[in-house]
């Protein structure tokens, strides 16, 4: 049985620059490249669920994420996700029992020379293996339980909901 | 009180290319740059203990690391270290109580375009916060208790001691 | 007298990712960073003229570029520019005598891990020093005289106008 | 007939970090990767002649380079080479007529996040196409005729022989 199941949904972490459109858009997830570069020795499965900016995620999309995570046989789940509505998706997943579910993403695309994406994926993969079951957001070197976290757009980082 | 104390000791993760010597040598640690790039929201202190290839570390060096970690007020400790004798240093630190001590490093210098260093630092910083007190090596996406891990040079990764 | 005068006008080469806007926009030019990284031994002056996608450049903008280049004391001129209307700006500059004027840019932002920007700047700086006076576009490892070049959007590269 | 012939001989530009040896050594040349990343539209041929630090190059090696360049059908030649004896190899090639021969290299390996290699290759490929026949070194944003250039180790750059 696969130990760790990774789902990608899009967001800044996956963004690619399209010259033809003169803009960045969600592209193929760099997760597999990041894990190979780190020569990760954990048995994992990688599933691409969707390729969307998180502001465009619908209730149906969140239900699809819920169903995919629920039906996975793995107990350790990592979801990469856009940051703008990551807290909302984390809330939606709170009903799932017996799994450690970690959401992470990036403020700067993984394909930039300078990015938080690779650090965040490393941080999140440790969190997915070490936290007790529940739903969490792992960003900015911290782990926050779902429902107790928000994105502070001005500071450009995640903080406790009460901060 | 600082939550997380990071000690750097050298090793591949810190290597810089010196044109004048036509070789890579241990240079200034990139840890601070990595943590700023990830916009880490954890209160941490960074101490450079030494700049050595881990094959050159002496008993005195290991005692110095032991003393520095013991006398730190932080309960969460990260040590960056060369990979060749990381398991040996981890053993040496086993006597320290009440702290979670994580050793990590890299197979490829952090300053390379393609490196495991940034992933490993992210992974290790989560481990330092989430594991119960004890001494561990965090490499290749896994956490190994001290005394139960070895570097498999041929495979280029860390594995359980019994593998 | 400055040997080489570099003007930046914006375009993909200068793009930065703004998390707050969830998009890439023209930011501070990376030219100075690129030249320092290459440890360039040529005396140069760097002037930021504007920060625009080249599709947004107006006749007034092109007149401003014309005036800035005309009044520069340098005989060797490099202009970084968006690729979509680079050929049009090159045409506009054809009236300037006695200077070697090179336009370059990038299909992928300089701040990406994988980009054509750094190669192009190196290529263009050689061209600015070695070509006889005239106006040229230096892209994709080739130098094209103004009026004899177009961007082939499908191929993602510049080609001779008659191709 | 191939327009541009590129020969690689080793040197810092080609260095790779070998964890098993805990050192950087000359590895596979990154030239092809650099040219593909820049989406170069010039017809070129790439030949790996040797993989050596330039301090280890022998008279026989230089004769082999001489012969390879002489017998190439291309008129435009680029040679990547270690910097320490680049000036010496350039001198050795002065007898070859009718070809523009450019030597370049790097102070920092191409595989580093921060390197002069990519700029230098771009610069050298322009020089190989634009200079009149002769032997030149293209480094630090300048083109120097063979016999009129030396490496200033303290400054970490190439300068005119009389400087």
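Residue numbering begins at 1 within each chain, and the chains themselves are lettered A, B, C and D in the order written.
In this section, a residue touches a chain if its C-beta (ideal position, glycine included) is under 8 Å from a C-beta of that chain, and two chains touch if they have at least 3 such contacts.
Predicted model, so just to flag it, every value in this text is computed and none were measured.
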Handout entry: Co-neighbours of chain B and chain A - touch as defined
Key = none
Handout entry: Chain of greatest Cα-centre distance to chain A
Key = D
Practice task
Averaged over CA atoms, how far is the centre of chain B from the centre of chain C? Could you give it in whole Å?
Solution key: 44
Completion exercise
Separation of the C-alpha centres, chain A versus chain C, in whole Å, is 38
Practice task
Give the residues of chain B that touch two or more other chains, as numbers and ranges in rising order.
Solution key: 107, 113-114, 156
Practice task
Let me know each pair of chains that touch one another.
Solution key: A-B, A-C, B-D, C-D
Handout entry: chain A residues within the chain C interface of the complex
Key = 12, 15, 17, 19-20, 22-24, 53, 55, 82-84, 107-109, 111-114, 153, 156
Exercise for the section: Spell out the part of chain B that touches chain A in their complex, as residue ranges. Expected result: 34-35, 37-42, 107, 114-116, 118-127, 129-131, 138, 140-143, 156-159
